[in-house]
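We just call them A, B, C, D and E in the order they show up, numbering each chain from 1.
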């Protein structure tokens, strides 16, 4: 019973956050609404007893991605937009159709009363198990990802450093 | 000597490709915790870096000079207290010196000694409080400042016993002092002076080796020797820029030639906030030396020379200057034969030391601008007059 | 001990340079001020590298009674009218030679006072010349940044001039001896 | 893991006492801080406010209550042009995460035993990670306040806060990683148990290094001196809460102190043995609870350790000036980050050495790791310091 | 190589010493309660405050023996207006730098404490919101009539009238002056007495001289008179 109430509360928060994030023209408001959506999502993970994922959701999405978005917004010129203006574009109809289609596809298993996939039950949600999984079967993937991220990091640093360099003379081609 | 630039160099904004950034204009002051009074800095920031800085002042302007030109010579004396309200004694002295130059009054021996004692006590008061404020600007929570005020309190008690007031002493008169010090005052002063070095040791232990203070002050707000001379910087700030120039030694006004003391200065051409801070710390030790000698040698006798009942100098001009704690404090008087000065001019060290504020602050961080202002040591009563 | 700078060697160098004995000052012809100042700063005999004090002095037109001995050997009182003028005074010292002061004066008229700025020679004149401009209304030619410094920008007049009168409502503050107090006591004005 | 239904009573037992206790401790800490700072600065500090309508001063213990009442009745000023919604939300957002993480501290209050339902929060497998995740939300609140105030000082403070918190979170987490490596668990109760069984981690060289790094980073995370740049009074007035007054300011204040408690509590959990102490035996099998000489003893130990850390924070605040922005960042990236990465390596080797279970090897490992870490710290310090050192001055006779 | 962070630790040692010292050394705590103090002898300087039980008496007369605040008018005897020293010469009014003294001279004379007929101030106001406690009025006064008070508790709900001290507020007895500034008052009284005796001695001498002269003259006159008489006779 409690879980159901919690689920509904969290879902409403998440959907509300997502809607506001799309509708608001004020970018900062939009970002914070997006973060509300992430928080709701994290709560839903918690309900599924996936506490590690929930924590990582907060840590990565709210903590890191949110701040990143805020920094990006700081570099834009017009932060606060006009909230009264309509946000919808002319293609809103097709957008609606696609959304509905995706929604139906997601609901299909429930509609067809199929049994839920078995894999979901076999996953042990403990952090230790997750760690072992990452370090044993998926270690190569992990390392490759780490390498990629490091490369991206170094690239970003180099890109940021390049700005400080003295401007070179435009050489005639 | 190379000719120094007339205006400060301009900071070149690094224009980034693609990203348009704009400058942030911040008006620091007149109500800002660390502008040392009603002082304003119009700062343009590129991120946290100061790109442009314009000092704005005059909020405390009361036209002290005009006031003094409309009243008798003596009546201006209490107003000089209010110039640099930390150092009323040295302000009094500078004014008395200028007036004494106009009429040539002999100052009695005892009065000369007491003048030196008062001036050096004032220097101690000013330097400890300034160092306290300076560390406060660095972000300490007032601890050094309150230690400084604890010691200042003792010296203020001495001032109060001698003159009746703690800050606005109004103690000097043309030809001497207003009254003699009360009985036992010299002993109490000796006690305070003897114990002052203990406090300085403690203070130095607290501040002078602190890594944060070192890294915050060294290389910040550098002032070259040539610019310092050209910009008329005086006092500890000038000596921190590597010029050995102390008016106590150069002019030897009063009886400073009788005392053995040294003038600390740097040899290198850095002149950053750390140098200014350290020079003041070292100067206090020398002031204590002077005080010890003066308290040892002080004779008895009269306290005021034969001054005319009505102070009415013949037409003449006089410029007298003293080594105030903040720098050269000068008084320029033009007498026209009436009991009022025809022209009365104060050469305020704080104001002239501000000339280079912009030069020192450019391309520093905003936090440094505050520190640099603190290291200049201004008092708005004197800047604005 | 500080040594005053002898003025005799300077007098011959520049035409138009005068020595004002009463004030003990060199009076510089307005057009040559910067040239003479630079020379004084750079010449090895003077090296006046430090300009301590800059200020203006406003002299109104005034009558002076003087006792003059006339040809017959009799003293008689003569009334002489001294014209109004504006002096800009510079006190120069040498930090390298530890000498000084040498007083330099630029003289100009009161009505349209205009002198050459010495800021390019000594930076220390920057704020002080601004102050003289603000309080005396003297125009300094060649000053890099001539604005009001102590008074606010909208202020009219130059308060240090001898003939300046305060405006009626200039920073008016009621005091107990004012009529405001009377009205206050009668309960009509709540201040 | 048991999955008994969570009842309302359980929730109330778990949260309400915690909030009450820490709110009271907050009030006491403000008094303590003012009093201690006053004594450090040779003042008396608050000494007048005691029992109302009497002359009983009680050493000024009534001061926090008086301050609280004043804060509530003060006018709440929102600047024109400010974002009213965010201006309101920011102090709340600052308080919630700070309060939330308190329940991840392994505090063995006696009434905790009465919780019937779900596991205690600190028995969560990812308690430590949760802690860091939720503490990070504080950054958003600070930025929100800075942005919503529409004040340049606030904005500068907000930007400083974000940059600083993001930077210092890395050494903070990396130093906590050492403990997680040594214990092999993110479970707070297990970490405490391990320390009770073996030794407090602060006693080992790598643990000590990690603790120092953690403590410094914690100072930066909670905006305490000498890292109080976001609220630097002498530079940017009060930073992000320049435009806050009344109860909103009180909430920020509360949030800041609760965050101090929380992060000190984590430091106690990770390095200082949690509720371990004389008269306490840890037994995590019983849901992380302890056998105590009398009920609540381990909680008292825990709080005492928190207060010891807070006393050091107050002491530092009374002594040190503030760093500059670039030095702050340099310190995080050029000193703390390399040192904490090195520390992880050292700790890894040391862990393997300890597995050998040989006293001599263990001692040698400890000595070597101490030497390596101290050498590295000194070297990094020398590198970062550059030409900054005390100078000699000349005297003219 | 110095210890890592040694400067910071040294500073912390200093603050710790001050923290502990503030509990044990009285002189480390310069903060004093100025407004609450027991009766008895006045402290020499601000650091000497007695901290005792029952410090309930609120005395706002003075802080120390030396402090000065605003001027007051002295009178010698019990009846203030009859023994006022001020003769309304208005020198202080003219030399006051901020022009805060306002005096109206009386139209007729009356007896002062020594029985001499003198003018007296009909109005004597000091605007303490303007006064800057410079003490120049005290210095210029030739009659020792105005001296500095040291009462500091002057807050008032009235911005104008409350800060304008009238003659009644300003008049204080010489005994009060002795109480607040003993040394200064004794010195001043001594000087007045010296001057008085000197004056009297001078007067006496002058009188004697005059007498002698008169006698001599009278002698001469009598002689001359005698001669005249003789001549006449």
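One rule holds in what follows: contacts are C-beta pairs under 8 Å (C-beta built on N, C-alpha and C of every residue); 3 or more make two chains touch, one makes a residue touch a chain.
Remember, predicted model here, so these are calculated numbers, not experimental data.
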item	value
Central chain (by mean CA position)	B
Pair joined by more contacting C-beta pairs (B-E or D-E)	B-E
Per Cα centroids, the chain farthest from chain E	A
Centroid distance [mean C-alpha coordinates] between chain E and chain C, Å	42
Distance from chain E to chain D - Cα centre to Cα centre, in angstrom	60
Where chain A and chain D are represented by their mean Cα positions, the distance between them in whole Å	29
Separation of chain B from chain C, taking each centre as the mean of its C-alpha atoms, in whole Å	24
Per-residue overlap in chain A, given as positions that touch at least 2 other chains	none
Interface hub residues of chain D, defined as touching at least two other chains	40-43, 318-320
Touching residues on chain B, where the partner in the complex is chain C	1, 4, 6-7, 57-58, 61, 63, 65-66, 227, 229-234, 243, 245, 250-252, 257, 315-317, 319, 321, 328, 330, 332, 334, 342-343, 345, 347, 351-352, 354-356, 384-385
Residue ranges of chain D in contact with chain B within the complex	37, 40-43, 152-153, 156, 160, 225-226, 228-229, 232-237, 317-327, 385, 387-391, 393-397
In the complex with chain D, residue positions of chain A that touch it	1-2, 28-29, 32, 35, 49, 51-52, 54-56, 58-59, 62-63, 66-67, 70-71, 74, 126-128
Of all residues in chain B, those that touch chain D in their complex	24-26, 32-34, 48, 135-143, 146-147, 150, 206, 208-216, 218-219, 244, 246, 249, 262-267, 274-275, 278-279, 282, 365-368, 370
Contact footprint of chain E on chain D as seen in their complex	36, 39-44, 315-316, 318-320, 374, 377-378, 381
